[in-house]
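Chain nomenclature is as follows: A, B and C, assigned in order of appearance, with residue numbering initiated at 1 for each chain independently.
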């Protein structure tokens, strides 16, 4: 992959993309994951059109109705109804919006701040580098869920605060990755020549160096995406994330715990939704890793 | 040094435990951790189960399964003709518990009784503020500072209590948990060593069970008190397995991990009843679940806004969904089984259209308010979170936005009782003594504001009626006054009365002799376990 | 080696400093006044407030407060829990062994099964067994473990009745606490049936807590094995006609172990996060559940010190792993 000569760029990029897709599509799991993810994305975008009912509408006469394929009598509730008579399918469909939004928001925030910090640290070195990386070390010293919980305790429970907390917890990974990539790229010929040509700091950092560190960042972003969904669900489960009646999957699970023996579908469905989503994204992540940088270790 | 201490403590425990190889054990799956073990300042049924009914006694106590007052630490008492002087004769030879942390040198005396009340009463008593942020809610809520004139020691076994004015429910009040008798000798010893907080964490009482160990939020262990004044109880070890989730409690009971449990999830009751190893006892509860509006904050200071909010709520649907057949729509504050129940009061109507109009007439638009939901199941409300979600939807239908607010249970009550707490607060009550005064005065008297009057409601007509009812012992007159009070209550709607619930108590078939208490308390001093 | 350890220790100093600042800042960052946040909003007079403010040192300049905080920590004073009024360090030390016991078991499970599955997959590379194992591993890696725990409880405790629902040991057992490890204490007390009960209580929580590390280790082992199997010396060993089992066992596995060990080390922090959820679901009386309970009770002194202690422990374990890694793999020391 070389992007240093403008003339070669269009064909180069196209070729790179084709090469990428070649490697990516070898991995059948990754393609399947991508397909599921695209479906989820469409479901989230068109949630109000797809969902049979509004997510907060309570059917008081059909509380805790089992799914029709499991002994329920109401065929309009495909996955049954929950503890106050809301259609579970509709809530899951709307919940997809929250989960994907959480993923996008967290990754964008973490990516932006992490990459910026990593670039600055790797580019300038010296005390700036030391300071930034020590702060990242400190954040990483705390177990992520615990730090997120404490941050939410400070900020107050709620979805937005939970997302902020998770973004903060995830961004050191981006910072470290970017810094390492910058360090290895900095001494390369093309950077040195750009510098000699008189490119400014910002141009050097963002235009010259950054595009060449993209591979590992994309893989990390995918992993963070699924991590963010899991952590937000965990916070919701612990009562510190989204607040009811928000149809966030983890929050739905927390409320349903008391039915683990008497109405299993209320507990099973949201968890399954989380698992499928996270699994699909991780499959894509694996595929990306293999395609973008076959040398990257699995972990 | 630390290791040495651990080893010594371990040896001491081993000695204590060694006798219990074939001990009869009762494991009770309880619903919440006690705040601590001092029954004076605590207010929750879970607090009392863990302290006053196991570790402590009172001068008088309620019979098992009823509200009749029986002699306890006071063998007998006399009331003067003017109703102002009470003379209590204490039982002789009542022993306090001996534990690794305290060895009593004397039996119960009048000093202990007087100390037990003065610490809650006299602000200059060094124990009045012995824990940070302490308040004696029941003592205040029962208007004790107003009614008590003096308490004197006549001799070691005689206490004379003088009132400022006659108070009909006084003897019943003294049977309540806050009036538990604690050890002055122990308090003095702690004061000398400076470890005042130990009084609440390492309790010493005269009761049927001796406190052994508490693992925060997990297990409380008690041992039968061999020298109990009423004779050693049948079981040897009593264990509270604190399990906040009702479904998990049910599963633990089914799996034999506990012998008896409180407050099953309504959804689980059928399954528990079907289990051939279990018995499920049930009883109409002497309770009320309600939603208290803060009547001092606009627009809820307007009675018609409160009426409209209540009218917007579909109570029957909530009771079906949450109580699942174990609840009865409540139109009054007191349950129908209690004397002076005013059956002439019409039931609340559900009429969202009218509610919307009433709100508009009162000039209320875009109302947003906090809707509080307790985090634990209570006898009067098995799932407040769910009630909140249902009320939220009902209110949304009339254009009122509710934000559901919740905190850990102890914290929840702490915050809820603040006079300036915003919004509508879910709470409830299980009677302490069978007297209507215990509902009306405790929950809605002016002096209970900031204590247990979660509506911060002080209404002159209501207050006059309940205060007059307090000072007379003529039942007919009291009934008339309480009937009136209920009318005022309904007209003013300081709270939406939601439901009176049936209480269930599932237990293993090997538990013998358990009696359900109408006051919602769990007592194990009369229980035995079949081998 | 000594210089390597010294270098690592020097790197850790600023992090420790930062962790103490973070813990110190925590209470001061809470909304509202720190004293109010600590004692609740009620039942405190202005005089009492002033006394408390002085007692906690909030009237001093901020750097002096921090200095005092560090001095307290060095004296082993981690504050008094607002909920139980006991020293936080006592509570922590009481509960910590429970978390260690659970984590060790979970790790044991993850390492044993993970390495086995990884090797197996690598040998049968490309077969349906490999694909299935890796599919399951990825599912495990993607698992919302709080939900997984609930499912296991429903099935194994509720439906089959094989394992206990929650807790650490049947409550009918009560014996002196010596080490805080149930498995050891039950044996010290001479109660084999208590030991069995403790094991039974450990099974489900260990499975739940071990799920993600198991998946990670299986995937890591597989790719490490594949890499090693492709290298010259293994091919040589094969070509020399060594028995396949010997090739895998002696040559390949030993060399594949190095990256796997690092992975195991990296799991410690994750394990702590998992312990919070696992302990909550199984009412396991460890520090994870304690932290959650403390947060919900607003026992901020406990939260503060818990945060600090957990971070320090995770850091210490990571340091230990780094050093161990250097012992196994001398190449790392050279840099």
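Throughout what follows, a contact is a pair of C-beta atoms (placed from the backbone, for glycine too) under 8 Å apart; a residue touches a chain by one contact, two chains touch by 3 or more.
Just so it is clear, the model here is predicted, and its values are computed rather than measured.
Enquirer: Consider the two chain pairs A-B and B-C; indicate the one with the greater count of contacting C-beta pairs.
Expert: By number of C-beta pairs in contact, B-C is the larger.
Enquirer: Can you identify the chain nearest the overall CA centroid, using each chain's own CA centroid?
Expert: Taking the mean of C-alpha atoms per chain, the most central one is C.
Enquirer: Taking the mean of the C-alpha atoms as each chain's centre, how many Å separate chain A from chain C?
Expert: Computed value for the inter-centroid distance: 24 Å.
Enquirer: State, to the nearest whole Å, the distance from the C-alpha centre of chain B to the C-alpha centre of chain C.
Expert: 39
Enquirer: Distance from the CA centroid of chain A to that of chain B, rounded to the nearest Å?
Expert: 47
Enquirer: Multi-chain contacts in chain A: which residues touch at least two other chains?
Expert: Residues 239, 257, 260-261.
Enquirer: Which residues of chain C are in contact with two or more other chains?
Expert: Answer for chain C, listing residues that touch two or more other chains: 153, 158, 296.
Enquirer: Mind pulling the chain B residues that touch 2 or more other chains?
Expert: 251 - these are the residues of chain B that touch more than one other chain.
Enquirer: Quick one: in the complex, what on chain A touches chain C?
Expert: The contact residues of chain A facing chain C are 29, 134-135, 137-138, 140-147, 149-150, 153-154, 156, 226, 230, 233-234, 237-240, 250, 253, 257, 260-261, 264, 267-268, 270-271, 274-275, 278-279, 281-283, 286, 297-299.
Enquirer: Help me check something: in the complex, which residues belonging to chain B touch chain A?
Expert: 245-247, 250-251, 265, 267-268, 271, 314, 317, 320-321, 383, 385-386, 388-390, 392-393, 396, 404, 406
Enquirer: Taking the complex as given, what residues does chain C use to touch chain A?
Expert: 14-15, 18-19, 22, 26, 29-31, 135, 138-139, 141-144, 146-148, 150-151, 153-154, 158, 216, 219-220, 222-223, 259, 263, 266, 269-270, 272-274, 276-277, 280, 291-292, 295-296, 303, 307, 310-311, 314-315
Enquirer: Going by the contact rule set out above, which residues of chain C touch chain B in the complex?
Expert: 39-44, 48, 52, 82-86, 91, 94, 153, 157-158, 161, 164-167, 170-172, 174-178, 189, 283, 285, 289-290, 293, 296-298
Enquirer: Hey, which residues of chain B end up touching chain C in the complex?
Expert: 6-7, 9-11, 13-14, 17, 25, 27, 36, 129, 131-135, 197, 200-201, 213, 215-219, 221, 237, 239, 241, 243, 248, 251-252, 254-255, 257-258, 375, 407-408, 410-411, 414-415, 417-418, 450
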